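Heads up, the next two complexes both have chain A, just with different partners, chain B and then chain C.
Moving on to the complex of A and B:
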């Protein structure tokens, strides 16, 4: 049933003040539904009408500042942009320290972004205006210009669940970085930075970032993939995942997941026997087939080899 | 002991004016510290910028149109015309080039021409109409980071420090931690914008509580033309958060068309290309036409009228306009559906009285830049020029100024004022309730003003100050991101700024531009083509008039009926 003005919206807000609380608690409020109500309208009601001092951040209210991203019922969204739901559990973004209640500290994100030199680098700046460039020249960079830096994708990224175990910078940083890296005017060694500071090959292309992006940037195809290509071109030897993938493909037309892990991680892969056992039990990897199975040949394999040859020639 | 930072130039505010002031002061070799109440380049109204006037002066006619637009339609002659010439020169020679070098992309066609709108006063945008401010401010934010200029974000400047009449810095409260500290500066630049979330419906951002106006007033600076307050009428009625969503009345990129406004009966009452062809920003004429509809019972200030683009091919809207997304998001069709609107308090022409050559105020040591100043309405380009002028002048002044010392007991007094609010109580008046009441008072005052309504607003504000502010109690005494604490400080700033605004409005006995007094319904160029200046000293209010020089352009008529004027 669609929500109407007669309805009451139930809002449960995660509250946490690190200066006095030992752990977070959830406080529940009832908010009357108003026409076209957004999540932010419900938060504002709690603050302005119920006079509760919840900590929440927003500036513009209209999808420009990127300040109000939160998680509602487990999903990242921009509070100002998405409609209020009948029952909402509202929590702060993940993968960032909480300042208070729904407010997260953006500092670590900004510091890491600065290491990626997110400013246009040019050997010789164009002296006049307008510089002779066309909209076609800029086509690769334009999708990244829509980014408002809300960090919703950063919170949704499962690779960042690994914490210190991954070197991945996260989708939000990479979209910001792409504003220069994919700009034809830029002359810095962006491929190297994407690899060394961005950990670009750690991305598993799961599309979770795209699913939550409030400005609908095609992050995987238009940002991550071009950045991976840049990084590969800059340092092909260090793109272990891509190289292992290519070698396996060259050997036969299907990818054996166990072999892929072994080729990428080498001996380090055996440091996680429990994880390996789990994968075996769930049928994700089949060690007997990896060790003793025969590689397929025939038409399919020939097709793959032909494709790889084309790829090599283009490189 | 309070932490004290020493610097050459302190910049307060992180929008287009403040960011450029910081960069230009640093260019001149000054040590710069920035303090921003929100987030640099993300809070404030600069991110709302969409259409940037392109100062095309390739023919004399174009140059004349451009200047006339700035002076007559944008500022109703309440501006320094020499400043306008200098600012337009900057826009022509520096503004776009510099931002493009910083990585901003101005929209081109596929074959590389700048995509300017074809109307009389052309505009440029970044990759999409509606996204200019976001991209410009993002680049400035990163440039400041690249230069290593220290920025204190989510930190509120609470008072300007005075030593023997000279501004020597400011006190700061870090809202994230509750840390109170002092920045001593040889020169201080106030760049806090229009900062006008002062009415129930306003386009200003959340943190904007006119702190800059209030601090300048308390420091004894003069304030001019505060009453010249713009309203937008093509802003969305609902959802409430989207009252800041401006459905542009200006011509669309790639077409000569603009949106239309319809009254409750569906009759069109405003279209820019028809009703305000000389004005690229047609807001003054828009609200006059809406006022006629409201008087005739065919619209309300908040609702019962609508806007739409249904007379324009939808592919044009979708190609260039970020705003088309609004229709999609609400499940509407931009080709057929219209959206209900309400008016919003937008920005003000007036502000701190200033010498436009240096952006110095009447207080030694204090400069202003951008929307907080009185000399020009605003816009990302002009306020960037202000930032440049103020930044360079402040850096130069700092060179010949000795490092200031901590003044007397001012710091302790301010600390006591702030921490006095930090009293928690299970019940009591919450600061947000006072803020909401102030916005309600100013919304009730509204567009149609008269002496009686102004006096009533003044009395209501006085009541709040005397009776309610002392009763304010917080829910928590935490120093970490205490929303109630910030609300309490905001409420005090808002009352001061609103009182100054109402007093200024009471003095101006005419109507002009966006300012309408039904008891003086005429534009009176003979007596009121002047600054109305208010100031406060030892709790006494003062006021004076100061006429404008009109070296290049003057109004044709000495006096005309307000509803007949086109500016």
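Moving on to the complex of A and C:
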């Protein structure tokens, strides 16, 4: 049923002040609905009429500054750009420390970004001015320039739920990093940085970042995958999974998951002997076939090798 | 109804029960599955990241073979489905890329026309077979079986292929499960990620994420999980003991392929559906 002027919007806001509270709490407010009400309008009403001490942040109000991103009913969005719903649970972004209520500290994000050389690095400055550069030259980097730095994707990324257990920098940092890494003029060792500071191959390709991006950047396909390619070109042996996958593909038209794991992990693949035994007993892996199977022949295998000869210049 | 059938790597190795049960269920529903002439892997997430042209050529080759059969191309794997859909989109939208891929296919004696229809077994069931025909085919309603759908990512995201709607709105598996007599349950992990694509080099992500989802399903009262993707199945089934150890809980949730759940309702035996091939026992469900 559409929301109307006669309705009351129920807003439950997660309140937390780390300087005085031990636990977060949820406080409920009732806001009279007004036509075309945005989430931000509801927050403004709460602030102006009901709870002057509520902590929230916004600046431009028109989807440009990225300051007002919050989670509404479990989904990251810009408060200034999305309509209010009848019932809203509003929470701060995840994966960033809370300053107060809905305001998160961007400091850790910015500190980590600073470690990724977020500037155009050039060994030798271009002689003269202006430097000729075409749209086509910049095509790879262009999607990253749309980023408004709202951190919605960073909040939505499930890999970051692992905290210190992952080296993954998160989508928002990688989009910022791509502004230089995918710029053809840049000469820094971006492949190494993508590994060491970006943890690039920890991305699980779930597309949750893309789903919440308010400016619709195709983060996985146009940012993370090109960065993976960059990292792989710089240090192919370090990209163990991708490297092993490509080698197995060259050996046969199908991938044997058991051989893939063996090639990536080596002897560590059998560190769970009970699991391995059960996998064999249930017919999920076939060790004789994996270890002693012959190189594939036939039309499919031949075609794969020809495609590899065409497109994999490293061969 | 005839369909070109592409099982993918997992359904021919670690999840052979998926291929077997899909073939049996399809036959029962009057679907004729025709294999491609000489199929290959679609490149998973790895090839597409490090060598995009090779990835597109691999997939365009599969699409061209489906076109030569003149049939919709049906997969049983979320990631294969997305790879094929992404290839269609890239070759439609990027003329220079298309020219490079066309030249490579030409050297193999193949031509991609851009007319192939990519579909997944779940979509075939819901859109081509239809709920009415499915309902008529049920001989053993799975009354009261509390199942939790686990969609996985690549059948609901990225939004550009799936109507740009909130992926949490996906309902087709629950609709199918209800039609089979099951009681579909709601829980937070339905459309979340299993973590498969980093499992081979770092399984901690998969154990942590999927452990959370399976515990949520269990807390919501699920007796089994059903998934349309063999990659999700591999994580949820194979790594379940590791999740139990990590979360210090007993999960014990059997994980069924979509085809197995349907097969049970169509009256097939556990042997036919190879329910004994799972790591978590699934042969005591009914």
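Here is the rule we go by: the second predicted complex is superposed on the first by the 239 of 315 C-alpha atoms of A that agree within 3 Å, B and C clash if a C-alpha of one lies under 4 Å from a C-alpha of the other, contacts with A are read in each partner's own complex, and residues count from 1 in each chain.
Rule of thumb we're sticking to: contacts are C-beta pairs under 8 Å (C-beta built on N, C-alpha and C of every residue); 3 or more make two chains touch, one makes a residue touch a chain.
Keep in mind the model is a prediction, meaning the values are calculated, not measured.
Within the superposed three-chain model, A:161 lies in touch with chain C and out of touch with chain B [touch as defined at top]. Within the superposed three-chain model, A:119 lies in touch with chain B and out of touch with chain C [touch as defined at top]. In the superposed model, A:47 makes contact with chain B only, not with chain C. Once the two complexes are overlaid on the shared chain, A:31 sits clear of chain B and of chain C alike. When the shared chain is aligned, no partner comes close enough to touch A:11: not chain B, not chain C. In the superposition on chain A, the residues of chain A contacted by chain B and by chain C do not overlap at all. Contacts from chain B toward chain A in the complex involve residues 38-39, 42-44, 47-48, 96-97, 100-103, 105-112, 114-115, 126-128, 131, 133-135, 138-139, 142-143, 145-146, 176, 205-207, 238-245, 329-330, 430, 432-433, 436, 474-476, 478-484, 487.
Remark: chain A residues 75, 158-159, 161-162, 165-166, 201-208, 210-211, 218, 220-221, 224-225, 228-229, 232-233, 239-242, 244-246, 249, 253-258, 260-261, 264-265, 272, 275, 278-279, 282-285, 298-301, 303-304, 306-308, 310-312 touch chain C in the complex. For chain A in complex with chain B, the residues that touch the partner chain are 17-20, 34-38, 40-41, 44, 47-48, 51-56, 58-62, 64-67, 80-81, 99-101, 103, 105-106, 110, 114, 117-120, 122, 125-126, 128-136, 138, 141-142, 145-146, 148-149, 179-180, 183, 185-186. Interface of chain C with chain A (complex): residues 9-10, 12-16, 37-41, 43-54, 57-58, 61, 86, 104, 107-108, 153-154, 157-160, 166-168, 192-193, 195-198, 200-202, 204-205, 208-209, 212, 234, 238, 241-242, 276-279.
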